[in-house]
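First up is the structure itself, then whatever we jot down about it.
By written order: A, B and C. Residues from 1 in each chain.
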Amino acid sequence: MGLFLTNCWYAAAFVDEVTRAPLARTLLDTPIVFYRREDGTPAALHDRCPHRFAPLSSGTLVGDDLQCGYHGLRFDCAGRCVSNPHNDGKPLRAADVRSFPLFERYGVVWIWPGDAAKADPTLLPHFTYLEDDSTWSVLKGHLRVKGNYQLVTDNLLDLTHAPFLHPGFKLPNVTPEQQLAATTTRLDRFPDRVLAYRLRTGLPPNQATIDLFGFPADPCETRTHMTWYPPAIIDFDNGTKFPGQEDLEGFCFPQAHLITPETETTCHYFFAAARNLRRDDPAIDKALMGVLDTAFRTQDEPMIEAVQARMGQTGDIDAHNPVLLKTDGPPVTARRMLKEMIAREQAGPRSDPAVAAE
Amino acid sequence: MGLFLTNCWYAAAFVDEVTRAPLARTLLDTPIVFYRREDGTPAALHDRCPHRFAPLSSGTLVGDDLQCGYHGLRFDCAGRCVSNPHNDGKPLRAADVRSFPLFERYGVVWIWPGDAAKADPTLLPHFTYLEDDSTWSVLKGHLRVKGNYQLVTDNLLDLTHAPFLHPGFKLPNVTPEQQLAATTTRLDRFPDRVLAYRLRTGLPPNQATIDLFGFPADPCETRTHMTWYPPAIIDFDNGTKFPGQEDLEGFCFPQAHLITPETETTCHYFFAAARNLRRDDPAIDKALMGVLDTAFRTQDEPMIEAVQARMGQTGDIDAHNPVLLKTDGPPVTARRMLKEMIAREQAGPRSDPAVAAE
Amino acid sequence: MGLFLTNCWYAAAFVDEVTRAPLARTLLDTPIVFYRREDGTPAALHDRCPHRFAPLSSGTLVGDDLQCGYHGLRFDCAGRCVSNPHNDGKPLRAADVRSFPLFERYGVVWIWPGDAAKADPTLLPHFTYLEDDSTWSVLKGHLRVKGNYQLVTDNLLDLTHAPFLHPGFKLPNVTPEQQLAATTTRLDRFPDRVLAYRLRTGLPPNQATIDLFGFPADPCETRTHMTWYPPAIIDFDNGTKFPGQEDLEGFCFPQAHLITPETETTCHYFFAAARNLRRDDPAIDKALMGVLDTAFRTQDEPMIEAVQARMGQTGDIDAHNPVLLKTDGPPVTARRMLKEMIAREQAGPRSDPAVAAE
């Protein structure tokens, strides 16, 4: 699995993507097939029959087992070849395929591509706003970006790009320079995460927020607090409140940004954004989804893909000696932490040499 | 020509594809131009003018000669540069191109890509059902498959995939397991061929055959006998007869499957299928062609291409250590025989170092 | 910049292509952004922000400066990073990008990709027919050819391909052989250019010229004189006159052919063709442009691309040992001169190791 971190959770799919119809998805350069057992729990297998390399995802579910569509070998959810129809239906241990620990929570199917014995659901960050529908209403989206996954986390961990790349987030009658000057930042590196907090005071909300909720263009406090968990999970505490308000009295717009490598130069980008205001208003759903789509799909994604194109076939921007700005503190801190973690993992014993050697 | 067997016949085209309009086709990684002389016999030249590397296939026929469309060098059917218009029409020996021995039979133009001195028409297998139109009616097809040519022969030499990949060939009220259990097999390796015979008794014909010819769903004898000739010619003796019938009293459906490498990871797949029943019925032509198209183009071809995709840029499945089943006997036997033949040919003196070094 | 000659002028764009909307164009494997200052003079910068490798061409012009569309770094026309909005708008010398000397003349924006100190406008050949609109009317075109740039100059420097590749230029009742026989040639190598002159006498004009201007099919003198300036500029003196006429009394059709490498295997091909007859006739404009488009885009371009396809990923035809004809004198002379110049330039001190090392 190359130089990806493997002993960690990655978002593999939204829960409604994994059904009784096998789903083929490449993650960390590995083709994987996802499906649901009859009891509703999800399963994930290496999407390659070891006999003739047929994609198991083109096969058929027989109960909880997946039958290869080429010669009919049958695999259970643990990847065991439980039936070879060409040998009286006997199991064929030599044809076992790898299975992957999965975990469903927050509307997401999470996968642990490394040592299954280490897979621990408690290591997953908490996204309470994705579970408590008494307070929150959630919008979701999925992009496949033709760029290395770290280019997406870099993009999120340095929001100073917003006034330049996202005109829809402009503050009324405020220049980008004034906006940047009114923002205080904090960067903390913890052993298991990086905090990149940004607090803007004394300026009005951005135009999109004003338009959506009818807020006045008055001075307010806007937080865009990123918590990055390696390798590529971001908990984004985004909110706007006016003087005297508690957080929840203002507009809270917390977001999970879940990025999963597909290959060295492509990734899956899942996002889920919750709001506390006008939660049952389909017009707001539509308008807000439009704002997110404009920013993520029509502005961030093309920029990230253009950057990747400038980097050729390598996904590591540091190999190209970028000039660093002060504002690169958060992405650089995260990239370094991840590099160290990957180096440490690579130096340790490999959990699955068979697949690693592919 | 890399690691292809060259001293052998490959199917290059159906006879009606080679006309007075030059046909460009890449075989064994070599661009080749095919055309017909005025007397109707076919010719094949390396499709690359040695002067500026223009494709000769974009040139013009002048009698039996092919004139390059860029600067007008003229080549005869033997590849001799017989006229250089920039030197008073004198021949230019240095510009000779390679020609290839061709042989027309069975409705196919066969090419011998190796040492011309060894080209021997008697080495070609016999396909009597492609010549005797008093007994047989023939349907033909041509696919370009994005997979190594051996993936196609492997597919044919192990027909146990049929009940899993080809639902149209299902036997009524018979499970795949029952179908496999009712089949006896024979595998013979001869010095020049591999026989992989399968005889199924006591079960009804497959549903497609019942539907086409109105047979009863009664026990019958079905043979699917493959004779593989290296490198990639398969004579498929396919037939169904009921108790008391001679072969020709039942449904005979013999087929030639002719596979020719285009590149390491792509191939041409020609097939010609003959039948003895309802030979002049266009409705059967159409229905039978539909059955073949469904199986070959919409089921086999996507599966083979998916397998090739899992193998990346290499065409040799053995390099990926596939798990072998008992049923892999025929394809493994054929692959090993071909590997030995190629190794032997490579170890011998090269017949055409100029082209081989390209 | 690989093995391209860099201390020389290349055509980068027609003048009307460079506007206040940044133009992205890859030349010599280098992405470059072109735009105009407020005073109308053109500017060219390396199209890659050194911070995050965003294409500057997706940014915004602020006066004469180009502001990166990702994080807002601002660059002047000399490539200096004059403002970092994340550091109180201070310049950031470490983020300077390369700028390129430009020169506008003959309706073309010329670029000097090498050592700026050596950029000398007087080194540019003269194309008087592109400037004097009292005598000349000019048609222009731009092709992007999927072939090495030298394949285009080779094509032009050996016009013996015309009777074979361009049927529209056929002479009435004259065979290609007669046409070639009636042509005398001269080849001169000067230190800074190669002359490949061709003079055809005693034969009628070509059919296209007859059709366009109503000339008689009488014997005339036709000159197709090429002057090649390294690396890839061709001044083509093309004209037809009848006995007793001075050049300008006949049909003069001088053309500039300006070829600029994009990558090793692709190029930009700009052409500008002037005429002295029926200069204000839009019907002639249209018909003549049709003749040029047929020849250059539908005949030369596909042939050059087919040749490149036969050469794979290398752009150097000599690496494939082409058979040479006598008529290859001009292209071979030019290719050798250019190879020597590139070798000499490579052996000298590099002007810009930073970019060269990319």
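Quick note on the criterion: a contact is a pair of C-beta atoms (placed from the backbone, for glycine too) under 8 Å apart; a residue touches a chain by one contact, two chains touch by 3 or more.
All of these numbers come straight from a predicted model, not from anything done at the bench.
Undergrad: Suppose a student superposes the Cα atoms of chain A on chain C; what rotation angle should they report, nearest 5 degrees?
TA: 120
Undergrad: Interface overlap for chain A and chain B, more than half of numbers shared or less than half: same or different?
TA: different
Undergrad: When the C-alpha atoms of chain A and chain B are each averaged to a single point, how far apart are the two points in Å?
TA: 47
Undergrad: Residues of chain C that contact two or more other chains, please.
TA: None at all.
Undergrad: How about chain B: which of its residues touch chain C in the complex?
TA: 31, 48, 50-55, 58, 67-73, 84-87, 89, 92, 94-95
Undergrad: Over in the complex, which chain C residues touch chain B? Could you list them?
TA: Residue list for chain C touching chain B: 154, 158, 160-161, 163-165, 176-177, 180, 302-303, 306-307, 310-311, 317, 320, 322-328.
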